[in-house]
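Note that subunit A is present in both complexes that follow, paired respectively with subunit B and with subunit C.
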Partner chain A sequence: MTAVLAAASGLFTQSFVTALIAGGVLASIPLMFTAVGEAISERSGVLNIGLEGMMLVGAYTGFLGAYEAHSMWVGFLTGALGGGVAAALMVVLSVRMGLDQIVIGIAITLAGEGITSVLQQAQFGGAYPRLPAYPQVAIPGLDSIPILGKSLFDQPLVVYFGLGLVAAVAWMFSRTRWGLELRAAGEKPEALDAAGVSVLNTRSYATLATGALAGVGGAYLSVIAAGTFTPFMTQGQGYMAIVIAMLARGRPVWVAVASFVFGISLSLSTALQLTGINISADVINMLPFAAIMLALVIFARSAYLPPALAVPYVRGAR
Partner chain B sequence: MAIAAEDRAAAPAPPAPPPARTATGRGQMVVLTFVRSLVPVVLALLAGAVLLLVLGRSPVRFYSDVWRYGVELNNWQNSAVLMAPLLLMAAALVVVFRANIWNLGYDAQYLLGAVFVVGYGPWMFAHFPRPVAYAVLFVIAGLAGAIWTIVPALLRAYFGTNEIITTLMMSFIGIDVANILVKGPFQDPTVTIPQTKTIPYNDMLPNIPGTHIHVGFLVALGIVLVLHYLLTRTSFGLRLQVFGENPKAARHVGINVRRLIISSFLWSGFLIGVSAAVDILGLWSYVRSNWNPSYGNTVIPFVFLARLNLLAVIPFVAFYAVLSTGGDLATQAVSLPTDFLLVIVALILLFMTIIEFLGRRRELGQSYLTKGLREALRQPLVRRRRSP
Partner chain C sequence: MADGALGAGMSPTDPGAPAVELVGISKQFPGVLANDDVHLAVRRGEVHCLLGENGAGKSTLISILSGMQRPDSGTILIDGEPARIRSPRDALKMGIGTVYQHSTLIPALSVLENLMLGESRRIVLDRGRARARMAEIAKMLGVEVDPDARTGDLALGRQQQVEIISALWKGSRVLVLDEPTSMLTPQGVEELEKVLVQLKQQGTAIIFITHKLHEALAVSDRITILRRGRAIGELSSEEIRSSTPEQNRATIVRLMFGDATDIGDAPELQTRIEDVEDLGARRLTIAAGDEEEPILELKSVSAPGDGLEPGIVDVSMKVRAGQILGVAGIDGNGQRALAETIAGQRRARTGSVELFGTPVNRLGVSARQKLGLRYVTDDRLGEGIVRNLSVSINLLLKRIGEQPFWRRGRIDARKVNAAALELVAEYDIRTPGIATRAGTLSGGNIQKLLLARELSLGPKVVVFNKPTYGLDLRTTENVREVIRRLTAEGAGAVLISTDLDELLELAGEIVVLSRGRLVGTVQNGRDAAERIGALMIGDGDSPGAVA
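On to the complex of A and B.
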């Protein structure tokens, strides 16, 4: 134990902290996009278990767009489109036809995993072409703050867009008519219906937005983070995003905070390698999920999970 | 915890299967049920063929290869070997799904069972006669699987925490734990690749005479049949079903709901662990790091198609075993990844729900899902005709 503590005190060198936070921000961005998307659909009353598949589809189409058009932005656009198309399936089957959200979600995840792997192989025949690295944008002034400056304010441009998106969605939820309708669709659909707004339409738009955002999250993984597409590259991040949205109870700012925490734990392995401490990758991989389980066990009593989840399920909920 | 819709909660239990509308309707319903179970599979295979065409591969060649490598000559025996773990996995899923509980942590439960079998196997076989060793290893694997369900089970039973999320999280953790065990305490020091010690060939489960199908296949089949009896003919099965269809009613008739949730989770995990034991002792004999056959994902659609009926599960699992065994080689022959099979499985799921939708609309036959699952998952505000 003392050895661990000694190691820990020596561990927080400046380069380590910088690497950790910078890596944490990078790793949290795809989670943040996806989890904000999930927050939107969860609030409207749709539990989207197919997020993993939508992310993968977005990662693939995003990579393809960026690769063919030599532009990161086209990549994000096609990524959003790909995720949106996957979500359209969910809209038609789950929202419009009222089929089982979980079965459809599992199907979308399986289909996303399978089809992207098949298409990748069919197209590139076992090769994994790489994209060029995209420039980072430093915010003048802020980037010279010691330790934090370099890690927080010298990032790819999308990172800032992600933060802007969080703010925009938070504003939409609390300040716009659209946000109100969205929340009503999840909390009391009968009331929304009585007010003359179509619950199904509201939920459809919300689900499409979720798919597009998950697609952007996936595209970030392939275009920015990895620079290439490999099958199954999301590695459970879609599921993590679902949990993050739940833990944050669908509040965007908390989604950003939670994403950052999980981003840190994702980036821990690379940061630890800088310090020369060699912890098995399996232990590190486990950390975010273990953290989530711990959070679920500790906060199990406070009733934040069941209401958020029961809403999409129960017919005529009150 | 899922709350049943108000109108259903008012109706007293015990849930009988939906009665046939008329006496003459019954035979017709059996046919329709049969058709509705097969149509999604056929449609998925057709859609898969279209996809192959789009990719410039010959569907005829692909499907004939599947048949050739999955059935012809002695290849059907390979399919039968694959059926052993799949059947037990399906049984494990049926146990929880009947109670309207989603245990999606099967990957970790399987891998932990597998790792403990290879971890303790060589030592057990060196010190005990084979029958004893088999029995102990089966139990160890089962316990490993069962223990991994405890946290989600307790959270669901006492706090109503959504078990989809908790089992998935435990699955990710468990897969890593299994890897740590493979690279750590159970690693074979004589090999450079991270993998466990190998169970000696002579200590593997014996084959059924005249074939190369190991007896684990019969064990799995036996367990499935016994379980079918337990689920359909005993009070445990009835309690599961009552709880699955209407948790409120279950509480009203005095069923200990918490105990029921926990025991169905434990049984499910135990069976998944046993499926790993059968698979390892019958086929694999060792575990490599990052190995994950992920049987659960592919079994799920067939469990639903069989309407959670274990007898009906058997032919569906046989079908998938052939598709998977043949498909492994057939996808290579058309130079596609085996993940193509995942697409077909996903298509089966999608077509299944669509056919289900059409069927429900016309009120043909019974649903794929238990009533509880169906009610719990239905969207609010979808108008539904009351059944008479």
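On to the complex of A and C.
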């Protein structure tokens, strides 16, 4: 008992907290990209269960791009393309042809897992070539704030892009025609149709954007976080992103906050192992999922889903 | 007006020339010729009424004009020029605005956001300009709506005003109103009529669709009657103005049924004529003595709502044997909560529900059914039937596992089918066979199936929730007859309806539900409609009122 208390008090040293927050931010970025993407498609009425597969495809193509071109930016671009291509399948089958979104989503996830594993094996054999570490960018002044400075304001550049994206999507939702049309497509597609805007186009673009963002999220995992691609490396983060988007009611700022909370729980696993506390690694690895379940139990009632979510739109159908 | 009489032959600048003209419109759906060579000319500053029952082709014609459907043949002329209307956007651009029967507003968005939807191609929304345009149209209509209110929070009459503003957003050449009064209180209808007068003065051509004759006569300058996809007659403004309402009514009945070879079977004609006659003549007076014990009683019952739909608060009511108690109210004011609380599908939070003097709060649905309580749901497709099961199983859905249809857990198909055939015949359910999937039946036949199932076991109290909503005239009449017969045989009924005419026709006593509370009781009789309307509006938040 006393040992645990001592360990606990010894745990929260300044360097531990800094490392925890920094790790949380790092871990939250792929979740944030992917969940912001999911928020876009959910608001337009497309439930993107295939997010996990799109992330994996993005992780693989992103890694390839970064590896071949020796540039993380090329990696993010190819990641976005890979995720977008996977999403295009969803667009054709679910949005355009009206097939069940959940079935197609599961198919995309399974296909994404299988194809990336096979391709990786075929291309590199048993080897996992590594990418170089990419430089971090410190924001002068802010990075010298105690504890928070180092952890929040000394990060890879893409982290700041991610935060900018959250603000941009929030602005897009509330202030632009696209945002209004997205919300209308998810709330009441027939009203959008009657207003003379194509529901299928709106949903198609939203789904493609989701795929591209999930691809960037995946590419972040392989290019920045791990520095290599390993099969199944997303480890359920695509599903976490779905939960995050739902809990945040599709609002980007809340997506960022929720992503950070889950990011902390992901990095806590790592941080706890580093402190050498004698808890089984299996138990610690369960933390993020325990956090998801806890969050669902507490907040699921207040999660808001658009009425037309996962309902294919067919003009004139009742 | 002389201009009107000269009509389409004049030059395009003639104010009496049609603002929009449909020429030879035909539209074929699988199995139905929805529009058959329809001609229709609508002039500026006129309310042109399309009269016809459900399935007569009104909605198809309108969806063609508004760009939702494309005709198989025929042309549309706007101010005498042929126009291509390929999408709702095209129609809006040409100044043809439509207010659909089912609201196209998005409840979760603000009024202004609803109006801005699809408004321009600019990426960044221009709220300032939208606000100004909204104020401009609202002023023209003489209405006042808060642009920042959440649309779903507005009263229905107010929402309809928003829809009209939205329809006029791109210009006001033609305004199409599809069954605009179906959800309104009598006061709301009055406000709508004022708005129509304003619009006529602006020179807007208005197409007003209804299946209610008295409404058509009250608002229109010209009436076209549709039947089985064809425009079978027209009453000009001169004819309407120069005749008494009775003469007009007679003319329309003659137009609708005059051609004896085209009438079809006689009972059909009978019910149709009845419907177009004044409804007041057939009100049923119920002689239920106060001394008689109620068979169903609610004592200060409160029950929770469900999502956006409100619950009920402190509701007390009594139903006696042989009585039809009407429940009036605008849709979404706690009707479902009330029905389900009585049926046992929803638990009362406080108060007590009593059947034959015994509290049944703790009893579930099936236990209440055994006591003789039945509920005919308004959610026919959702909780009413199992779409993918056969008509016969749906008819016996509530007796699964019971003798003699099931023996030792095994279905006796012969007994089930025999019983089903009997019910199909008795309730005149039009189905290809009893093995047909129930989901493929028409709305009217699904309702008959539900009635057959619920009423076949000697019910003592029946709750009907919107029993004729969306049904054609003939089935509506059948359903009302079933309700009358049921109570004549001594059962009690709670009739929840949003159709005031229906309540006035059937119920002796009508209670009014507003925001989950019973706000008053009205004995059926003279002025009942007005008094009920006043109660429906309730706390002064008058839908459609000019603030």
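Assume the second predicted complex is superposed on the first by the 289 of 318 C-alpha atoms of A that agree within 3 Å, B and C clash if a C-alpha of one lies under 4 Å from a C-alpha of the other, contacts with A are read in each partner's own complex, and residues count from 1 in each chain.
Rule of thumb we're sticking to: a residue touches a chain if its C-beta (ideal position, glycine included) is under 8 Å from a C-beta of that chain, and two chains touch if they have at least 3 such contacts.
Note that the structure is a prediction, hence the values are computed from the model and not measured.
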Requested in this report: For A:M286, select first, second, both or neither according to whether it touches subunit B, subunit C, the two together, or no partner.
Outcome: first
Query raised in the report: Hey, is it subunit B or subunit C that touches more of subunit A?
Result: B
Query raised in the report: Taking the superposition as given, does A:A194 touch the first partner, subunit B, the second, subunit C, both, or neither?
Result: second
Report task. Answer with first, second, both or neither: which of subunit B and subunit C does A:A184 touch in the superposed model? Result -> second
Report task. May I ask you to decide whether A:Q101 touches subunit B, subunit C, both, or neither, giving the answer as first, second, both or neither? Result -> first
Query raised in the report: Which holds for A:E68: it touches subunit B only (first), subunit C only (second), both, or neither?
Result: neither
Query raised in the report: Between subunit B (first) and subunit C (second), which does A:R175 come into contact with in this model arrangement: first, second, both, or neither?
Result: second
Report summary line: So the subunit A residues that subunit B and subunit C both touch are 190, 193, 315-316
Report summary line: Per the touch rule above, subunit A residues touching subunit C in the complex are 175-178, 180-181, 183-184, 187-188, 190-197, 315-316
Query - Footprint of subunit B on subunit A - complex, ascending - result: 45, 49, 89, 93-95, 97-104, 106-108, 110-111, 113-115, 117-119, 121-122, 125, 189-190, 193, 199-200, 231, 236, 239, 242-243, 246, 280, 282-283, 285-286, 289-290, 292-293, 296-297, 300-301, 305-306, 309-310, 312-317
**Report entry** Touching residues (chain side subunit C, partner subunit A) in the complex
**Finding:** 63, 66-69, 87-90, 92, 98, 100, 104-109, 113-114, 116-125
**Report entry** Complex contacts: residues of subunit B adjacent to subunit A
**Finding:** 1-3, 5-6, 51, 55-56, 102, 151, 155, 158-162, 164-166, 168-170, 172-173, 176-177, 179-180, 183, 297, 300-301, 304, 335-337, 339-347, 349-350, 352-354, 356-357, 369, 373-382
